[in-house]
Every structure is written in structure tokens, then in C-alpha cells.
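These are the structures in question, set out in turn.
In what comes next, chain A is part of two complexes: it sits with chain B in the first one and with chain C in the second one.
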Partner chain A sequence: MKETNEQVVPRARKAGLVVRDLNDEVLVYDLERDKAHSLNASAAFVWKKCNGRRTVSDVAQQMSKEFKSPADDQAVWLALDQLSKFHLLDEKVTRPAGMPRISRRDMMRVGAAAAFALPVVISIVAPTAANAQTSISPSVCNARVQPNCGGTPCTGGSGGQTCQPFGAVGAGNPCKCQ
Partner chain B sequence: MIERLPPGWKPAPSPVVVNMYSLLISKPDTASRIRRFNLLYAGGIRAARALDAEAVLHTFESDVQLYVGILARRRIFVHAGVVEWQGKAIVIPGRSMSGKTTLTAELVRAGATYYSDEYAVLDARGRVHPYPRLLGMRTPGEGEQTKVRAEELGGKVGVKPLPIGMIVVSQYENGARWRPKKLSAGQGALEVLANTVPARIRPEESLTSIQQAVRNASIVKGRRGEAKETAQIILEALSKG
Partner chain C sequence: MAAALSTSWRPTPSVPELSASNLAIITPLLLESGAGALAWRRVRNSDLKDTAAAGELQQAYRLHAIQASLHEINLKEVLELLRSAGIEPLLVKGWAIARHYSEPGSRAYGDIDLCVRAEDYEKARNLLSAGGDRYAVDLHKGTGMLDNRNWDELFGRSQLAPLDDVRVRVLCEEDHLRVLCFHLLRHGVERASGLCDIAVAVETRPRGFDWKVCLGENRKHADWIVCTIGLASELLAAEVGEIPFEMTKQPAWLVNSVLKAWARPFSTHFTQQNPVDSYYHNSHGWARALAARWPTPIIGTVGTGGAFNNLPRFPYQLGYLLIRSGRFLKQLTTSEPDAHFFTPRD
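Presenting the complex of A and B:
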């Protein structure tokens, strides 16, 4: 992020991301954190416009044109707050002094950005292969031996669980049905 | 044993062994006081040990299927039930105990064609391929599964890859009525990714397949009550277009 005459000029992060367009939304996978994000249309628009040269006001103007509806700096900041939180900008951005943080609910209440959906970023932690595996019955769970679990079967199965390392992974540590 | 192998298995022409499983099933000996364990080794590492041979065989089955799901080239395995209705796939992503097999079975009973109760196998174009293993039906309140053929439910098994018509994200709740909300493609993509086996191993391929899979699908999410009623509503909604 650069600041020119106290104007914030955010830059979208490019490195370490897998990006796929989905109609007007964007799907992003963060290879460093193994997290996936879904950016709705307005959040995706703001993110794509963050090139390290445009100010927040510039982006707000372009947003107004794109969505044919007045969009102010607050709508852009609503997107930037989330993009920053999820590490989708090169550097974290902070609002200029004197600009209060307005929640999405407050923005909806005052009717700002009424003609387009307010920027929303939804995030999940990508599952490991074992986490995505189906859970198993108690007897099967108790029979299972996972690597790094001391070579003993899992314990504590009560149904609908998977056998996973309990606590620190390492030789001698038991696995439990969780 | 053969029924526990992944659907579509065939003998490999290559003599190279990629992964070896060893099963040691002991003979029951009621006269002896010695407890005879059944054992499973995967790649030289003990993977299961139990007096109950069924538990060891189940571990073998789920391990092999997961192994295939991780290593499969040009395919992305997503935990989901899948049926075909009017030329399109209905995909029900979810972990175990979410009721996906129950709903899949009811859809088959209602006339849909069976594709899988465990994995939606996606290609790069987002189409779903059949993975018709036996349905693992659970008795309510029990963890143990009973294996059922789709034909026993009055259904048939699909053979062709399909585009996805609908993605149903549901969770069983006693007494709930099926009043789902519509999800956007992006929201739906995250629901699918959360159940994708190689999400971390091959994220680029996973995202490509999911992007194509959800692009034209109707995606709904909600709590459902009885599977039979929900299945009827889903098929009626799809029939109306």
C-alpha cells in the first residue's frame, strides 16, 4: 500500500494465489495459508481495481459507473477492510484518521449502495485430505492406526468420527476418534 | 473383498507396485484363549488392528478409496452423494452423518439414477462421473453401515458423465421443513471445496473443476427433515425448471 497526499492507494496481492472468475464473483485460493475466499461482485470489483495507483476515491467513482449507482469511499473501505483482513492486499490498509469504521449493517441501514450488493468476502480453511474423508463407525475408528500415532489403534470412538492425531503429532502420541 | 475395491477397478498391466496393502484375517478359534487380531498394513505401516474383521476390512475400503481420491489424475474427488435427473446431476456435498447417503437413497427410490453416495468425481469441465459403490446405509442412531445396491432401491446406475444441474447443501434436523435459500456460485463453490479431497494437494485443478461445475448449477442450502419428502420437493423443483 502506498499513500499519496494521505490518499490510500491499495494494491491487490497477486503472489501465492490461485484465482478463478465465477460469473461476476471471484474465487481465490491462498496457497500460503490454505484458505479459500469467495468475493461477491462488488468486493471482486474493488479487488481488481486495486493496482497501487488508484486511490480509494478513484475506485469509488469507478464503482459508481460500473454498478450505475452512487458508491462512496465507505463502500470501498468496507471491501478493503475485508480484503486486508484476509491477506488479499499486498499490504494491510488502515483507514485515514477521522474516518470511522462503519459496519455492513449500518451501511445497509442508511441505504448506501442500495443498487448493488455490499462487498462481502466469505472465507473457509481448505480441508486436508484426511479431514475431507468420511467419518467412520466406532469399531472401525478404534481399529484404525494412523501414521505418527505410536503404532497403536485409535481410541474413544463414539460414532461419526474420524481417527486423528490428538495433541502434538509425533511418535508415541496416540490417535483419538474425534 | 472385490466389492470393497473402488468402482471401476481393473487389474494393472504394469508390474510396478505403487502402494501395497496386506490383510491378515485370522480364523475364529473359540477353543483358544488367545485373542487373534485381524490386521491391515498399508505401505508397510500397520493401518488397523481389531478382533472384528469387518472393522479392518472397512478401514481397507475407506483407505483405498481415499488413496485413489488423492492420487487420481485429471479427476477431483468431492465428498458428495450424486444422482442423475433429466440429464443433469444433483450433487449433495457433505461429510458423513450429514445424511447425504439417506437423501441420495431417497432420490434413487423416487426415480433418479444412482451415481454415488460417497464421491462426486469431477473432471476439468466440471462434469460428474459415476462412482457407483454400494450405498452405505446407516440405521438411525447407529454408526455401523449396511451395504445396499442401487437396484435394491428400485434404481439403476448411471454410466455417462453429466453436467451439474443442482447442488444441494443440506443438514438433517428432526422436524425441519425443507425451505432452502439460494446460494451464489461463489458461495456454492466454497461449499464444494470444503468437501474436496485434494483441495490442498492440487488447489489449481480443484478450483478449475469446481469453477466449471458450479457455473451453471442451481445451488441451495438449508436444513431438511425427512429425506423422502425433501427428495420429492427437489425432483419436482428440477422438473419445473
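Presenting the complex of A and C:
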């Protein structure tokens, strides 16, 4: 039997995440999955209120208060669906029986939650994916040892070089830009 | 680039006077040079904020903000690791200057530049190597790569800056501004974000900042620093405030050299040069190799310890090319990288 809104008590995931608060959004980097997400103000509000004790209705009430605008359970579920999809909750949450899934577009159409931006979670480029394109300096390369030379492009020097095993091949032997 | 980045580091940057089409043109350059987040801080309160180019800048801002958090975690771990072995490292650039920006993520940095006492270098290197690729540390043996001031002098004036529950040893503000200027000049002021660092260091300098310590007694070096600050003022509208020296107009070649570098995609600064031996069997090979390695006026002047005056730069550029050729030949015979790249000649 499915729970009701009064029984669902979502809990925000804390482990393995790096969180950075910015002006009007919260950035979350998932260390385990190497995924980064941006939560807009309302999604971040819902996420931070999910402490494993508050029900969906509690969060909706607090949301109304915070944004000085009526927020119903649907708005909270819109956030929870996305948070769940991106593994930002400790456990997946399921909508209660009889509560249909309403898309963000539908909510906007009926004018729900008009006074605040609807909860949105988007994925952004993960740092390691971006770093993979970054060059390293020769001294960073020199500090590495085989087999971790990585073949990363090197900066400076005579250009066009990558960090490669230097001298005899074998674990623990040095790397050099060449 | 200059128009997009002017005042971008401040808590409330001014709105840029840029058209959407101009922003679209310079956005790839901004992103490549690591200045995308700074540019976003300027356009986010303007009519340009909903353009596709602004969207890319915003993504860069988000990415740099997360990277800054990851770097801070890494930095704390590295400090703990080295300190547990009795090594006290000195952090330069990167976080040491990023902490002065008004927002996290404004200033992108790829690695952690740590200097250790020469005697500790091998030990530190082995400790960090044990972590494989985990820590993006650029380890320096002493401070010879940064300044002609010795380790004891710089370390003696260093200070501890708080990072959550950890204290990070950084250069004093005077030495750091000096080192930032030298580093930027040595690379020909190729990164616009590097000049933003100078602007930030100057604008956030503490009361009682000792210009004598910063500029030092070598007149030529002092002149380099003053010129770099002048560039930040002229190109990025940095507010210099009260200073005990006169800020004269920058030589035309200096400003032109910077703007020319900023107009080129940053990646081409490193990828245009093929290894020298790839030119051996080509009839025009050596001419091409020479053209690819021809230093910019700034790199040539700094590399030969020249003065920033209005004289032609050609002799400095040629002189520096000869110095580099000498180093290259030396490296061929010794197989050792040049440990002291910063070799100003007085």
C-alpha cells in the first residue's frame, strides 16, 4: 500500500556530495557518480528541508511561508521527482496513490506556484570531465610516477607534448613531458 | 575581452557595454582562458543574460564554483599529508588569490601550486606521487621559479590564511602581488584572468600594505610591477587608490602585445609549436621552428631582464630566443629540466 503525503518523509542525501551555495542556486557535485547538478532556489529549498522527519505537506507549508506564495504538495513532488532521479535523496520516494505525475509544463499552464520559480534541477558539466581537457605543467607531470603519467597535454615547453613514461617502463618510474 | 572583464571581480561589477554579437564572438576566448565565470558575473545583470553565449558563461561559472570546492578539499588533504611528514608548504597563486575574489568560482585554477624547501622537495614529491593523480599539485623546489628573493626571506614574511578549520601558509600580500606580476609577465600576460588577479590583489590590499617590500630595491623589477598594475588599471579599470609612485602611460608595445595575446584562442599558445626534430627534414623547417618560437615583446623583455620603455623590442625578443636555444641545447646534453626558469638579469 502506498503512503500518503503525510507519511512520505524524504531525506536529502549528504554522503559523497560536495555542495556549494551560490547567489540564487545551489550546486551539488556527486563524487560517486562524477555528476554535477544545479538546483534552483525552490528545488534547493525542498532539498534542504528533507531531513527524514518532515512530510511532503510540511515542506509544502514551509515553502509557502518562505516564498510568500501558496505552494501545494505537487510543487514539492516536482522537486522530489527530480532530486530522486539525480540520486540526491537517501532513498527513492514514491508518489502516494491517486497523486498523478504532473510535468513542470502542466504546472505552469495551470498557473500553480506562480510567485516562485518552479523547482528545477539541471545537470552541468562535471569537473573531472572538464579537467580531462586541461593541460598540466611539466612539474605536475614530473611529480607523477608510472603508470599514472596519464598522457595529459603539457603546457609550455616546446608544445605538443604529453605526459609520458620516462626512461625504463615500470611502476614507480618517472614521467616526463615529451 | 577587456570590455567584458573590466570590474568583473568586484561584488557589484558594472554592466558591460557589449552587443550580443560581440559577446558571442569573444565567449570562446573567455572560456578558453578561464575567464568565463568572471564574464558571467558582468553579464548576468544585463540584457545579455538570456543569450546563448551568456548561458555558456554561466555554465563555466557553475563549473568553476564546484571545482573551487574540490580544490579546497584537495588542498586541505595535501596540507595534512605534507605537514604530517614535517613539511610546511607555501601556497602561491590559485586559492591564495582566489580567496580575495568576491565570489567562489570567479577565479578558475587547474592545480595547486605548492613550494617547499629545497631539502624537502624529494620527500614531498614522493608523498604526493603515492596518491597518483588524486592531487593536482604543481610542486616547486623552493621559490626560484617565482622570484629572485630567496626561500627564507619569502617564508619569513609568509602568513597563515584560514580555510575552514585549516590554516594555509601563503605569501604576504606584498610578496604575492610581486610574484603574481612576475608570473604573468613571464607568460606574456596571455591570460586575461591573470590580469584580473592583479586587479584583485591591488584593490583588496590591506591597510598598511608596504610598497617598499612589494617593489623591492631593483628598479627594473619595480618598474615591471608598476607596469603590470598600470595594465590592470588601463585595460580592466582596476582602482589603484593611493600609491607612492607615479603611474605613467604604458608603452604602446606593451598594451598591444597583451591585446594581441588575448585575441588569440588560449589553446594556440601551447599547441602551435611542434617538437624541434619535426622540422629537421623540411626545407623551410628551421624558419618555421623559429617563427613558432619567436617570443612576444613581453616575454622577450622579461626573459632578458630588459626595461619596459619605448625602445624597440626586437633585440630583446632575439636575445631571449638565443637564451632559450642555449637552454634547449643544455637540456639535450644533461636531460635535466631548467629548475630556475625565472632568471632576471639586472
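In the analysis below, the second predicted complex is superposed on the first by the 118 of 178 C-alpha atoms of A that agree within 3 Å, B and C clash if a C-alpha of one lies under 4 Å from a C-alpha of the other, contacts with A are read in each partner's own complex, and residues count from 1 in each chain.
Everything below uses one rule, namely that a contact is a pair of C-beta atoms (placed from the backbone, for glycine too) under 8 Å apart; a residue touches a chain by one contact, two chains touch by 3 or more.
The shown structure was predicted, so the numbers you read here are calculated from the model rather than taken from an experiment.
Undergrad: I'd like to know which partner A:Leu39 touches here: chain B for first, chain C for second, both or neither.
TA: first
Undergrad: Output check: A:Leu22 vs chain B and chain C. Expected answer is one of first, second, both, neither. What do you get?
TA: both
Undergrad: In the superposed arrangement, does A:Ile124 touch chain B (first), chain C (second), both or neither?
TA: It touches chain B and chain C both.
Undergrad: Considering each complex separately, which residues of chain A are in contact with chain B in the first and with chain C in the second?
TA: Shared contact residues on chain A (touching chain B in one complex, chain C in the other): 18, 20, 22-23, 25, 27, 29, 36, 38, 124, 127, 130, 134-140, 142-145, 153, 158-160.
Undergrad: In the complex of these two chains, what residues of chain A are touching chain B?
TA: Within the complex, chain A contacts chain B at residues 18, 20-23, 25-27, 29, 31, 34, 36, 38-40, 122, 124, 126-130, 132-140, 142-145, 147, 151, 153, 157-160.
Undergrad: Mind listing the chain A positions that touch chain C in their complex?
TA: Interface residues on the chain A side: 18-20, 22-23, 25, 27, 29, 36, 38, 124-125, 127, 130-131, 134-140, 142-145, 148, 150, 153, 155-156, 158-161.
Undergrad: Using the touch rule from the top, collect the residues of chain B that touch chain A in their complex.
TA: Where chain B meets chain A, its residues are 45-50, 52, 54-56, 58-59, 62, 66, 69-70, 79, 95-97, 118, 142-145, 184-187, 189-190, 193-201, 203-204, 206-208, 210-211, 214-215.
Undergrad: Please output the residues of chain C touching chain A within their complex, sorted ascending.
TA: 59, 62-63, 65-70, 73, 103-105, 110-111, 125, 128-129, 132-133, 136-140, 270-276, 292-293, 328, 337
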